[in-house]
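Below are two complexes that have chain A in common, paired first with chain B and then with chain C.
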Partner chain A sequence: MLQFSLKRLFQSILVLIVMSFLLFVLIGLMPGDPIDNMFEGNPSLTPELMARMRELYGFDQPLSLRYWHWFSAAVQGDLGYSTMYFRPVMAVLAPAVLQTAKLLGLTLLFSVPLALLLGSLAARRPNGVLDSAIGIFSFAAISLPNFWVSLLFIILFSVTLGWLPASGVPMSNDASFLEEAQHLVLPVAVLVMFHVGPLIRYVRAAMIETLSADFVRTARAKGLDERAVIVRHALRNALIPMVTVLALSFGHLFSGALVIETIFGMLGMGKMIFDAIANTDFNLALIGLLLAITVVLVSNLVADLCYALLDPRITL
Partner chain B sequence: MTDVSGHQEFPRMPLPAAQSIWQLRFDKFRSHRLATLSLAFMALLIVFCLLAWPLSLYLDIDPNKTNLLYRFQGPSSQHLLGTDDLGRDVLIRLMYGGQVSLAVGVFTTFLMSIIGIAIGVSAGFIGGRVDGFLMRVTDVLVALPLIPLLIVLGSLDLTKLGMSNDQAAAPWFIFLRIVIIISLVDWTTMARIARAGTIQMRDRDYVRAAQISGAGRLYNVFIHVLPNISTPIIVAATLTIGRVILLESTLSFLGFGIVPPTPTWGNMLTNAQQLITSAPLLAVYPGLLIFATVMAVNFIGDGVRYAFDPRAEAEGKQD
Partner chain C sequence: MGFVANTLRLNAEAQTAPLLSVDDLTVSFPTKGGGHNAVVTGLSYQIAQSETLGVVGESGCGKTMTSLSLMGLVPGRGRVTGRIGFEGRDLLQQSEKQWRDLRGREVAMIFQEPMTAMNPVMSVGQQIAEVLKVHEGLGQRDSLDRAIDLLKAVGIPSPAQRARDFPHQLSGGMRQRAMIAMALACRPKLLVADEPTTALDVTIQAQILDLIIELQEETGMAVQFITHNLAVVSELAHKILVMYAGRGVEYATSEQLFDQPLHPYTQGLIQTLPDPDRKVDRLHVIHGSLRVQPAQGCRFASRCPLASDECRAAEPILREVAPGHFVACVKVN
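Here is the complex of A and B:
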């Protein structure tokens, strides 16, 4: 177990280093460079001065050397400045991480129980009326473009009915809890729709398989009522692989969060990365992307370990 | 008298006419009602999109020409669905946008399948360390958030790689570029399916026999492995098209995919958020078409899966 964890941890770190190099190269290929950005802020810079500054900041050095400088600084905790916010990258990212954690946490809080409920209901009578209806719902949820659902929700609930605000965060900093919750309803609803489709299909398949297992027949035979059979016997067993599925869906969920944060104007990780790339804030984009990748890798690692802890049949 | 030899003459049963596997699959597909409906819908949609050129000639409209005097016009005999925020005809842009979105879906799926099959078959057929390495890469890529990666790839300035400005801004190149970047990040499902199929085939007796007779690896892959794993690959490819259309529209919506003036359903929604109070319908049509198309493609995929796999049960099937 310990050996397995260490091996996986080592692999994850290796992946992170490789990804940081790839992203470093790719981000270097984005239009312009930080000196060009300075020129936009101060058009009186002469070409000679700009060439001098490129030399000063090391832009004339080979790529591998530049990466090494960046890497050794990053490992020592110096993540650099954001050129868009004129603040250290860490200071910009910390509140963004909190915002995204809030959004994703709330989404999981609703999407997982909803998927379990609908998936188990559908699995009770495969190909029955309820199963078909839930099947079509999950197909629709998978096929819906999440940015369009956001627009429709804003048109319907904010513009036409006026029930909910069209932005994801309150204007003032000292908004009440209720106010903040109101702003979160639409983004979370869209993200739940986005996340729940594949999950339902997964729960259904797992439940159909579990319900045909011998121990379920035994449970029924000893006279347990249907709810106890489904919830206590079948669902608990179907839940174990669900941990892996959830961890794997994290990257997908983050993609959705990027789109939804952008539409609802929430300054989370996704929108931060989007803005940083759109405004060629190289440092912020790089660190933001690496942070997102780290979260995904860690969640996969944790899921693998949980899997072994939850299921006594599996030894690592 | 009974026949001592035990031989008994049975009345001859009329044999059913021999049916090819494709006939059987087609019949099974047709019994999947939603898939059949979706196929009809897609046929109509393709006709609808192809009508763009004749219709624009007939009505004498240039879909990319902006005319600020004719902004937000309601439906009229000239502009059947009205005009957008720059005075362009909405209907004809929807039709052209559909051509682009569908073409991206088909071409990307094709390229992605080639990449995925190459990686999956190599991993499965060579095995050992190559397999371990390729599958680790696949595992990692599957978990990564695709949209941020695609935004990075979509924002690259290819003139830094020595490409001329005109080339990099040409519409055909922007199209090709989105096809390539989506293929580069989303081949993982295909690779896994191809690998699983290849591993099953690799140890079959006839593959062994061919190897012993001196057949090379490539011969075995093309003659024995690929034809035998084509079924799951066709099914996966059908289901991929819908996902690709969604990815493309999301990227174009965010401004990192296909850029105006070329219309796509995704980039027609880019400005819609600012116009929600003045022209909400502009936000409805393109998204509705994306949704209907992806849904139809997914149902067709489900139908194909049902028709090709003898054990499969249909998810969206209704009797």
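Here is the complex of A and C:
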């Protein structure tokens, strides 16, 4: 287990280094650079001055050399400066990471139990009334674009009913818990719907397969009630393939968060990466993207460890 | 006078009444066209306490559906009609709650493939303990202690360690022993064994059969033993029911059936048993397949060497041709 984790950790670090190089090159190939941004619309700027600035900041050097400079600084903990916010990257990213962690954490807290519940209910009588209703819901959740659902929710709950704030996050640190919760309800609801749709289908399929297994018949033959049969025997086995699906869906969820944060005006990771790319804020975009990659790598590692916990046939 | 006679008769019946009395059991599944397809038709048999009934027939003849209907576990939209008398009550009239109380406590079942019949992510000990928790209200520790005792009773060495193992860590024979321990945890009155030795190799088969016989002598339970293997059934059955295409075609004591098989299908089955004393060039086979069935008349007619127009006219019913020997064939006198 420990050896496995260490091996995977080493692999993950390797992947991160390779990805950081690829991202660095890709961002470097984008038109424009931070110097353009800095002096945008400044009439007193001459091409000579800009060339001197480029030289000063090292933008005249080849990409590979620039990467080496960035890398040697990054491993020492210096992630650079955000040209958009004029603050160190970490100082800009930390609150955004916290914001996104809240959004995604709350989403997972609701979407996973909901998917397990609805998927299991649907699997009890395939093609029955309940299964059809849940099927319609999950297909709607899969096919409706989440930005459109967000707008509908805002129109209904904020504009027409006036129950919840339309967007934004309370700025001050002393904002009440209730106030913050109110701002999170709509984005979390939209993301839960976005996440839960495909998950329900997976849970349903896994449960239908497991419920027809011989050991479920054995469990019934023991005289267990239906709930014990489903929860203790079927669900526990159906969960094993679900771990992979969940880990893979995490990247998808992250990309969904980008859209949702933009619509609801939340300064989360998604919005931050989007703005950084739009404003050629190299350092911020790079670290933001690498963080997103780290999240996917970690969720895959956690999935593998969960496998070993859930399935005694697997030893790591 | 009539009343006294009736009472006497009822008393006499109660004393000799078999533990299980199946009457006119029919299991059918709805078909796409809106009709019903019967996989078991009009089956009747009895099993007394301490008795073993062997149910024999080829794959697809309704053996497993018969046993699942005893547990109330016929899958999907299957419909079970007739009467399943168990200790004087009709199981088919029970509520789901009564079925649950019965399953695993009074009637228990062991299955063909012990690998897939056990939950792969639950320890063997827990799976046995679960039965005791449900039916005897034992706590975690007590039920696990009893599970270890049961594993010991079915001849598993170092039972305390094996109880912590998961099914994949046990050998096939061990797993089937553990399944038997699970089935016998609450000392059921009837054990339904659905081809429990088919997936095992021959030496293990013999061990499992011995174990079942031994446990039956100890507990006095009745056994319904389902198999397609006549050799297996000859070792432990007191009575034998031969099934063909969902119907009982011959029903007799073990001695009667092997000494004097009457139905052409039974005769065919017995002839297919290889006899090590006799050297033959080719083994005997019954030609044709179960799927080819005539629209009316005897279901075996298309494969029967004796079949005539009489056989194809009407379906023969099971009738007693000698005391305790029933056969469904018009050619038998």
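What to note about this one:
Definition applied: the second predicted complex is superposed on the first by the 305 of 316 C-alpha atoms of A that agree within 3 Å, B and C clash if a C-alpha of one lies under 4 Å from a C-alpha of the other, contacts with A are read in each partner's own complex, and residues count from 1 in each chain.
Here, a residue touches a chain if its C-beta (ideal position, glycine included) is under 8 Å from a C-beta of that chain, and two chains touch if they have at least 3 such contacts.
Not measured: the values here are computed from a predicted model.
Partners chain B and chain C, once the complexes are superposed on chain A, both fit on it without clashing. In the superposition on chain A, contact of A:M266 is made with neither chain B nor chain C.
When the two complexes are overlaid on their common chain A, residue A:A206 makes contact with neither chain B nor chain C. In the superposition on chain A, A:I230 makes contact with neither chain B nor chain C. By the touch criterion stated above, A:D214 is placed in contact with chain C alone, chain B being left untouched. Touch criterion met: A:P312 reaches chain C, while chain B stays clear of it.
Between chain B and chain C, the minimal CA-CA distance in the chain A superposition rounds to 10 Å. The contact surfaces that chain B and chain C form on chain A in the two complexes do not overlap at any residue. Chain C makes touch with chain A in their complex at residues 71, 73, 100-105, 108-109, 111, 113, 116-123, 130-131, 134-135, 166, 168, 179, 182. Interface residues of chain B, counted against chain A in their complex, comprise 34, 136, 140, 142-149, 151-153, 155-158, 160-161, 242, 246, 249-250, 253-256, 266, 269, 272-273, 276-277, 280, 283-284, 286-288, 290-291, 294-295, 298-299, 302, 313, 315-319. Interface residues of chain A facing chain B in the complex, by the touch rule stated above, are 11, 15, 23, 26-27, 29-32, 126-127, 132, 135-136, 139-140, 142-148, 151-152, 154-155, 159, 166, 201, 247-248, 250-252, 254-256, 258-259, 262-263, 270, 273-274, 277-278, 285, 289, 292-293, 296-297, 300. Remark: chain A residues 213-215, 217-225, 228, 232-233, 236-237, 240, 310-313 touch chain C in the complex.
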